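For reference, chains read A, B, C, D, E and F in written order, and residue numbers begin at 1 within each chain.
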Amino acid sequence: MTPTQPPYSGIRTFLGAPHARTCIEETDIAIAGVPFDIGTTYRSGQRFGPQAIREASLMLIDNDNPRFRQDPLEILNVLDLGDFDISIGDTEKSLQMIENQALACPARQLISLGGDHTISLPLLRALKQKHGRVALVHFDAHVDTWEDNFGTELAHGSPFYLAAREKLIDPQHSIQIGIRSPVENEVMDWTLEQGFTVVSAEQAHLSTPQVIAEQILACVGEIPAYLSFDVDSLDPSQAPGTGTPEIGGLWSWQVLAILERISQLNWVGMDCVEVLPAHDISQITALAGATVVWMYLGMLAKGKNSM
Amino acid sequence: MTPTQPPYSGIRTFLGAPHARTCIEETDIAIAGVPFDIGTTYRSGQRFGPQAIREASLMLIDNDNPRFRQDPLEILNVLDLGDFDISIGDTEKSLQMIENQALACPARQLISLGGDHTISLPLLRALKQKHGRVALVHFDAHVDTWEDNFGTELAHGSPFYLAAREKLIDPQHSIQIGIRSPVENEVMDWTLEQGFTVVSAEQAHLSTPQVIAEQILACVGEIPAYLSFDVDSLDPSQAPGTGTPEIGGLWSWQVLAILERISQLNWVGMDCVEVLPAHDISQITALAGATVVWMYLGMLAKGKNSM
Amino acid sequence: MTPTQPPYSGIRTFLGAPHARTCIEETDIAIAGVPFDIGTTYRSGQRFGPQAIREASLMLIDNDNPRFRQDPLEILNVLDLGDFDISIGDTEKSLQMIENQALACPARQLISLGGDHTISLPLLRALKQKHGRVALVHFDAHVDTWEDNFGTELAHGSPFYLAAREKLIDPQHSIQIGIRSPVENEVMDWTLEQGFTVVSAEQAHLSTPQVIAEQILACVGEIPAYLSFDVDSLDPSQAPGTGTPEIGGLWSWQVLAILERISQLNWVGMDCVEVLPAHDISQITALAGATVVWMYLGMLAKGKNSM
Amino acid sequence: MTPTQPPYSGIRTFLGAPHARTCIEETDIAIAGVPFDIGTTYRSGQRFGPQAIREASLMLIDNDNPRFRQDPLEILNVLDLGDFDISIGDTEKSLQMIENQALACPARQLISLGGDHTISLPLLRALKQKHGRVALVHFDAHVDTWEDNFGTELAHGSPFYLAAREKLIDPQHSIQIGIRSPVENEVMDWTLEQGFTVVSAEQAHLSTPQVIAEQILACVGEIPAYLSFDVDSLDPSQAPGTGTPEIGGLWSWQVLAILERISQLNWVGMDCVEVLPAHDISQITALAGATVVWMYLGMLAKGKNSM
Amino acid sequence: MTPTQPPYSGIRTFLGAPHARTCIEETDIAIAGVPFDIGTTYRSGQRFGPQAIREASLMLIDNDNPRFRQDPLEILNVLDLGDFDISIGDTEKSLQMIENQALACPARQLISLGGDHTISLPLLRALKQKHGRVALVHFDAHVDTWEDNFGTELAHGSPFYLAAREKLIDPQHSIQIGIRSPVENEVMDWTLEQGFTVVSAEQAHLSTPQVIAEQILACVGEIPAYLSFDVDSLDPSQAPGTGTPEIGGLWSWQVLAILERISQLNWVGMDCVEVLPAHDISQITALAGATVVWMYLGMLAKGKNSM
Amino acid sequence: MTPTQPPYSGIRTFLGAPHARTCIEETDIAIAGVPFDIGTTYRSGQRFGPQAIREASLMLIDNDNPRFRQDPLEILNVLDLGDFDISIGDTEKSLQMIENQALACPARQLISLGGDHTISLPLLRALKQKHGRVALVHFDAHVDTWEDNFGTELAHGSPFYLAAREKLIDPQHSIQIGIRSPVENEVMDWTLEQGFTVVSAEQAHLSTPQVIAEQILACVGEIPAYLSFDVDSLDPSQAPGTGTPEIGGLWSWQVLAILERISQLNWVGMDCVEVLPAHDISQITALAGATVVWMYLGMLAKGKNSM
């Protein structure tokens, strides 16, 4: 049934999902914003990312995804939790709070809307308790495996350095797509030595989504997979609203085409990070983020349907 | 108690008030967005005004208003209804729908967030059933008493022409502040002949808020009063995000100072219209709108407290 | 001869063409703005599209198109009519007015600058009287064959549903390129059942302009062809200034390369719609629209030259 | 009669006046854009000022000015000439061209839309042939009497230094309002020694429009008066779209109130300069410029009516 | 001597002052940026404030201040230190680093460019070692004497709560101008009980700069005075580029007029905080900040000259 | 060693290189801004290009280029000279000043940051004295070989017309990539007749970076090569901040991939022109320019290392 309210109407929740501050066990998917941005090394303002993604998701409400021919919200029980609590100006305390809130959520899966990329660390820490070590499918311009962020251990350049160290992710089954930033040779060498598969943006441009998708499938295999989508994986023309842009990035059509082709993975969670609306133009970055989350829901719904 | 969540967190409702699609009789104040903008004669996009005002209201949550020394949400039972349904591309049908929804709301008062100024007409039509003919306290750059809008009878230049004709408002007890737009002599003459008091923006600048407030109090008297706040009453520097700006406008400090001094009126409803976020800069127009609504709530709360 | 006035000079008409409110029969091409935007289901403001396209066309004045090696304005007699009258806030009346004005124009062809996509319907209604049922070559993110627009029959999601129903276009000879929006399965199924050829943006990316052009040529054949170019067919990075963006869109280089390769079609008219300057950045959306219209003029000029 | 076309419709000329590249002697007022901006010492882009002022003037079409209770275009025969030719990258040649074109215009008066302030010099040179030495009524943040512009004699800091030197203006009857920029003591001393009356923005704020108007009337007296309105006389909040902003500026309400009170001067021409749309927000600077020109037309129309 | 380089040229230091990472004892004034913004409770991005203020200061180079008739850089030995080191994501550590760097600077005075308002605390801690307890002259929309910031002790709402507690400032000799934000009654009561003089923005509007200046002079007296200028003291129309705007603010002309009248105070340091360029329009907020610092230098230069 | 200062800190020089107004002979590479923009035929404001490129280069500091696996500033001795002097409003004099300053610089190579494309002419004139006639590797939407610019000989459409005429460049060894603008047939014919190789943007899209790189290598051969990078070679979505955009442009990933493959050329200098920050969004155009210069430094560093 077509809704009678145009999409610019009403209180903004993600895809118009119902909102409650606490979720219940019947919830398939809980959506939580994580307005944390003090881990950024360049621009800040990602704290407004969750709301921007919600606002942009209006364009996607109440229709079928033409790739999957379904509306994921008709198949999955989705709840928008609002935003996780964080502590102003205190990274360590905030990360602990994020981890605790993720652990406290009884939904089958949690999708987190960032916020800067630091938040992947506490989310993966929480996930480990449920799924053990996971495979990382990581779209980004940066490897995010720095040991150090201009003198700080814990910030948005280091979540996967620590996640690998803490055995939250398995680098042998992890893959990074869109990589192209300046990076010290030692950081890149360490990353490759751990076993991460690194696909540069140029490689993606010179290849096809089908080939990249097969590379992901081969790398990840059967183990539980976590999707971490940093909007700066996209070209700055498609994602100007972010904190650490790098030219020469991925195209959104490539990302969507790749995701469609890896829906069969054993997905256990995702985050969409680094949307910075103060630098966006006409919400295009936020729309990219929202659409990727919508695609992820479509992948899950496809899996549920085929069960 | 200070909240532990910073204001950039969470689902956006007006001032963080609870949200429900239908209100109940215990509700003191229902807030409803009216995303109608097809009555505009210049720029459109006011359909996003309600959400912009909600978003800007974050800055005002959970603190006391220093003029009234209270937080209106601790005194009044406020509910955010979300947005009224409207009909795309059809003024007549939309206005009927707005009137019906206003009538169906059992709250003690309704505050409407526009949307363009056309919406004041159906809101006043609904109000008449409850309060009879009301006094209009109208902040605007334009008298909005045109008989015609470039060939159209019913649009945002004519709500108070029709409201006067339909005896929804009493021009003898109605006052317009901030007026300065180009206007045909016949329209201005008709307005004055009806009995409207017209205070130009220049008069306000050459006078003081105290004097203007006294003028309003004297004009309105004891009869039920309706506040219609068009953000284009403000100078375009303070309200660039609107559809029909006129230079030389009121200052927001004047508006706040005037409102503080007319809190004793017998208020029965208000609307805040013509916020157009696509033309705003850093939400300043939306913040002005939100703050005026917050002041209005403060006036009501003061009245309730003094009861 | 090179002009001595730089392009930022002078009164803005499309490509600097002469302006008159009424055209005469010697006119090859009449350009008309259609500032109608109340059929939009998300953002409004397309009423300023015609002027934005005119302003952006300055960059294209007085030079040859390198693909066709001619300046279309040296070959074709082009007149800028200014904008069609519309009725504020009244879709039905406005569409009738647009149809009447299109019918009253004696130029050999009419090019319309939108405005939202609703306007294609009255333009096609007028065209039918001259050319009968036409083939539609339609660049868009959306199929625009919805039967319903959030409760409204006639809005920018439905022009081609009605055009097919009214036999203004022949779906068997009609093709839609760039399609990718969320869409109910029933709408897509109906569209395909009517015979429309639907080429998704992803298909275009995985193919070449030459192949797409051949597909268009094969689909349209010899019957009169109408070009409807919605700027949201382009990726939001290239066309942020529009009302209903969808990520993963076409590239402008693809569109230009396709158009160059289908110049031999029996063109009878075109529209360029959904330019929304309030959301544009540095006029890039308007420039895309203006360049596509300029390409269309080049196609016509090539045809005239080869006669 | 109310027009049936909304103001966002049609080809943009100033106030919708007819357009012709050459004017005739019956023309009361010729409007000419002067898209010259290479005399700027900070931001450039004022070449787009004329079109921005035309576009913003849409808001003022076909209504009466409430201060003068007339529509100047019903009283005066106004023609929009489009833009004067200039020479790219060559100040000297451009100024000669501007002077020649001003001289060639047989209209009773010329109103020029800048462009940067350098253009006042050739305009005053042309005016001298008709009216001899004139009084200057000059709204600006800067005295514009620098002998030197970072090594260049002729640029936007020096028009009135040269105009005084060339006896185009009479400093004893000239007044500058809104002055507040950093300025070398020698420049200010020279200016005062010539006899210019300098009214700082702070003086205007601490006084009233009535007092300032009386000061202007007393200073100018009966001799022919030329109005040069630099939008940077206004506060940057009201005129962000300009090249050399200075904080603490005039308010537009003050400017309008002053102009209303000096309509009886013997006006012989005006320019409105330094509108820079690339730095504007929602056209507010352009609207301020357009409104001041509209006020000037109102003053002339009042004079004509009273004849 | 007039410079031969236009102001848009060259490497940006504050007012074009020489740059060195360490200052020497002969330096009168050291300028230091403090790119710390993780103490913000609403918008972040003030880390780019220092550079924005430097960039905007270009407009003020190499000319005399018309109020003081001198160029402060010809009188004072000014050095731009660049920016202080801070620690990403760690408030406590950053504040210690700021204090240490301020202490290590041997210049006669330090002017700090923020950054968010949290930085005033470590700057005052460092200042205490040199001057003991100081008087605070504080322009702001907020009292900044909160004991708590949404669960955090140390953030931009609390510097003066802690400064009063730590006896860095003497509330009896401290004055806050422009105050108008929502504030819990307890916070305002505590502030007044400590002895702070609070001047609301409305009081400033209803009074004159001369009266406010006299109030400041009387409050501060002879003790060492520290100026803390938060750009959100200004109205959002004049300072949109900030993190926690409140409507109804001060005018920049008032601030300049007040400063001119309090130059005789025993100034020992200043900061200019909360410039957030990502939300600014055409640098007007940054220009306001830069001009206030330039005024402060003019006050110091006047004092030095009169010695 | 990782720096302890985040990239948003400190005085902006290109890549954080040391700044001095004069360079010495040991300097490998001198960077000079050329804030000249009066040769533009459409938008102006490129005078702020040099600073915008410096600011955007912050993102690239202190890391290795992943393509070359080195940080060019660790290998090359780079100095930022600040900006060249120019003469306001006088093209001829400015170009002479630019040439003189380029000649006076004893560094091994000069990299110039524009400014508009006119500046390539004096830079090539200076280069000729050192290297004789050079090969031009030219990325642009326009051939820039116009004999005339709307009546002006010397402007940004003509540098390579004059450079060919003056035998500063050898057209037989010169190649232009990204060409697509409207252009008179005579201009294009003349260009091809001189021997320039012209690669359209569409050809680049239908080919691969490897093929284009081979075409460049074959065309240029062993003679000294000069890189002129106009950001309008990029698509307007990736470079909105420029003066004469043309749709259908190159992608930044293609440019980077091509540059990586032509590092072995005998490079003797480069310029990066037409960055216009007032029309940019979130610095993406400036970042593209900065990254291309960084790639050029990487090519030089690779050559130096391999020596």
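In the analysis below, contacts are C-beta pairs under 8 Å (C-beta built on N, C-alpha and C of every residue); 3 or more make two chains touch, one makes a residue touch a chain.
None of the values given here were measured: they were computed from a predicted structure.
Each step here moves to a touching chain, and the least such steps from chain D to chain F number 1. The minimal number of chain-to-chain contact steps leading from chain B to chain D is 1. In terms of the stated touch criterion, the partners common to chain B and chain C are A, D, listed by label. C-beta contact counts were set side by side for A-B and D-E; D-E has more.
Inter-chain spacing, taken between the CA centroids of chain A and chain D, is 54 Å.
Chain A and chain C have Cα centroids separated by 37 Å.
Within chain B, residues 4-6, 8, 41, 43, 47-48, 88, 149-151, 235, 237-238, 279, 281 each touch two or more of the remaining chains. Touching pairs of chains, sorted by label, consist of A-B, A-C, A-E, A-F, B-C, B-D, B-E, C-D, C-F, D-E, D-F, E-F. Interface residues of chain E, counted against chain B in their complex, comprise 41-43, 148-151, 179-185, 188, 200-202, 205-206, 235-238, 240-241, 244-249, 279-281. Interface residues of chain B facing chain C in the complex, by the touch rule stated above, are 37-41, 43-45, 47-48, 87-91, 118, 149-152, 154-155, 278-279. By the touch criterion given at the top, residues 2-8, 58-60, 63-66, 69-71, 208, 235, 237-238, 251-254, 256-257, 281-284, 287-288, 291 of chain B touch chain E in their complex. Interface residues of chain E, counted against chain F in their complex, comprise 4-6, 8-13, 19, 33, 35, 47-48, 51, 54-55, 80, 82-83, 85-86, 88.
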